[in-house]
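You will see subunit A twice below: alongside subunit B first, and alongside subunit C after that.
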Partner chain A sequence: MQATTMNFTIEPIAHDSVVIRIGKALDFRNAADFKAAAQEQVRSGIRNFILDFSETGILDSTGLGSIFSLYRQVSPMSGQVVFASVSRPVQVVVQLTRTYKVFRQFPTVEGAREAIR
Partner chain B sequence: METTRQSFKRLDGVIDELHDLFESWEQEGALLSHLDLDTIHLFRLAVHEWVANLVQHACFDGRSPEVTMDVIPNGRRVRCIIEDNSFGFPMHERLDVQREALKPYPERGMGLLMLNAATEYFEYTESESGRQRLEFTVSADSDPCLNIPF
Partner chain C sequence: MSQHSILIVEDEHTLRRLLEYRLGKQYNVRTAANGEEALELIAQELPKLIISDIMMPKMDGFALQAALQEDNSTRAIPFIFLTAKADEASRLKGRRTGVDDYITKPFDIDQLMSRVDRLLERTALFQTQLDAKIGQDFSQKLMPKKMPSADGYKAFFHSAPREHGGGDIFDCSEPRPGVHFITIGDVMGKGLQAKFYAFSFLGYIRSTLHTLLGTTSSPAELMTRVNQVLVDDPPLEDTFASLLLIKWEPARNLVTYANAGHCRPVLMTARGAEVVPYSDMILGLDAGAEFKDTSIVLQPGSSLISYTDGLLEQVMKNGEQLGEEGILGYVNHAAGKPDPIQSLLKNVLSDSENSRFGDDVLMFWLEREGNRDRPSRDPAPRWFSPFSEGAQT
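Right, the complex of A and B next:
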């Protein structure tokens, strides 16, 4: 079952994994909502997060910070945060910040699902 | 595209206004004639970070916010001047503090650093009329990097 929180759609794909469809923007206006939604998932046992950026036109420093926060939370528990269907505006942020060194990227959500299975 | 000036009066909707503007420029192909798409996105990010900083932190002390943005394409570069009527702040000191304080996988404190990293030339001053003035250029020929500790 899918849950929609603010701009985000959260789709469970396994007992410990979800896809979060980021939507149009992850920035200072909704980063706190993203963080709260992700924390709720972690509390319920989710460890692997696929972030789908296919429709995302804005990822700013605060949005990226909320993703770092999630990464800090799940990585000690062997969890993963990976990026899928990265749009050009998001790729520009990834390149600027060299975060491809931290978050694996996949061309599609399906590809990410296969990889984290 | 010729030099363009945009004015913004409301901080609550300014981010949406700004991105609508960029989308209309992209659809018209105006900025695309001078710059590649990735450089436009980098420019858009720099503008977003600055305006987001104004929305979140600028002190207007009861005055109605007035923000103007001049965009001046110049070959493979674009120059931008954003002026506002806030009180301003010691930008370069703040940048130094943020640079020093940056922790691995930081949650906050990357905005000004990201703006600084994305831009080739970067200056923050008070104009003769007492307005705060940020001027920067973004270049298609650079490979900017914000060095975040991982």
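Right, the complex of A and C next:
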């Protein structure tokens, strides 16, 4: 079953893991929606998040902030937030903020699924 | 996709459903069958506008409206009376303080819709104007009163916050004679909230600086402390910020910085512009994050340039963001100009997709003047690795 909010597709892959496909942009316009959607998942017991950035052309600091919030929420519960198929614009932001130390990256969603299983 | 929520209070089932259906296409609608139910719903969440019938069982529209007038949190909610009472007496009674409109049944639904739109537009406009005013006030308070200065140096600064910009911060102080601290940062988020956090955050950085300076003057140690607070302090939870802390000792021509995920500064020397590469993780994410100092000796004629991401993300004519590489090119052109920042920004703008900057732009340019009698013969920048003893000052 897939749930779609404005720009995100959320696909459950295990009892405590989901893949969130970030759409074309995660920025100040939809960061609050992302935050709400992710929080809903955390409330329902999800701990591991694979964020699929294959189509993402824009990630601004507000968007990145909403991912940080998610990380802060799940990391004390041994949860993980990992990035899959990171596009170039997303890579630039991740490099600039040095957050690759916190978010593991995988070339594909499949690779990420294997790793967090 | 509107966040505007409208409350409809109407005892007649068919009319209630009709209004719910029509308004529901554009707004978030809740309904109540009488004043009492309405008050319950309002207590749960304040609506942006109320449309209410007058004649209803239990609690009528007048009683509801009077109750709302008594509470400061509800008295300003736009209120429209909708009623079959066309007679002049009730019309007058309906037109009292706090009632914005009075529509008699039978009514034209399109006319009602346009009145609702207009009322909501007007309240939104008030809000925007108020936000802009407060935001401007914050922006002004966040900006420095005076620039750092020293013999043989020139400092340039530019800040142009946008109405809906974010939380850029800049601060400079000289806590000990000859030792300057320059702070450039960006609190994540947009609008008034980001500005408010930036304002409180800057106050925190200042006090940390002054408290810790007795024991250390290492930007990295200050950064570690600021990060711990962002991670541990409940009021600042969910606040993330990039920060560049620069210690400048003009007598030694020495700059020592720690960079927490902020746009990397540019060093302009006789060799040309280059990115000063070393940086650590952004603040607020990881309590255990470590920060390192890097030192640079500023040779005569060289400059250190720092900025915030509004410049980096400016969209150019080719549809791409300016980026670090792009900035290096413009720095090369601007170096040596009487006001290098203005010259750089002018050139960036003329090559941009739009004629304005899309976001806040903040820039600080510190230039060591060249030797007047003999031109600089030392083109290579000298780095101290953050990992070597040499970085300690």
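Following the convention adopted for this analysis, the second predicted complex is superposed on the first by the 117 of 117 C-alpha atoms of A that agree within 3 Å, B and C clash if a C-alpha of one lies under 4 Å from a C-alpha of the other, contacts with A are read in each partner's own complex, and residues count from 1 in each chain.
The rule is short, and it goes like this: contacts are C-beta pairs under 8 Å (C-beta built on N, C-alpha and C of every residue); 3 or more make two chains touch, one makes a residue touch a chain.
Keep in mind the model is a prediction, meaning the values are calculated, not measured.
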| item | value |
| --- | --- |
| Combined model on subunit A: subunit C and subunit B, fit or clash | clash |
| Partner chain in contact with A:D52 - subunit B first, subunit C second, else both or neither | neither |
| Contacts of A:R88 with subunit B and subunit C, given as first, second, both or neither | first |
| Which partner, subunit B or subunit C, touches more subunit A residues | B |
| Touched partner set for A:T97, first subunit B, second subunit C, both or neither | both |
| On subunit A, the residue positions that both subunit B and subunit C contact, one per complex | 28, 60-62, 64-65, 68-69, 71-72, 89, 92, 96-99, 101-102 |
| Complex contact set, residues of subunit C against subunit A | 1, 166, 186, 188-190, 237-238, 240, 242, 261, 263-264, 279-282, 284-286, 289, 309, 312-313, 321, 323 |
| Subunit A to subunit B touching residues, read off their complex | 27-29, 57-58, 60-62, 64-66, 68-69, 71-72, 88-89, 91-93, 95-99, 101-102 |
| Touch list for subunit B against partner subunit A, complex | 15, 19, 23, 37-38, 41-42, 44-45, 48-49, 52, 55-56, 105-108, 110-111, 113-114, 117-118, 144-148, 150 |
| Subunit C-facing residues of subunit A, complex | 6, 28, 60-62, 64-65, 68-69, 71-72, 89, 92, 96-99, 101-102 |
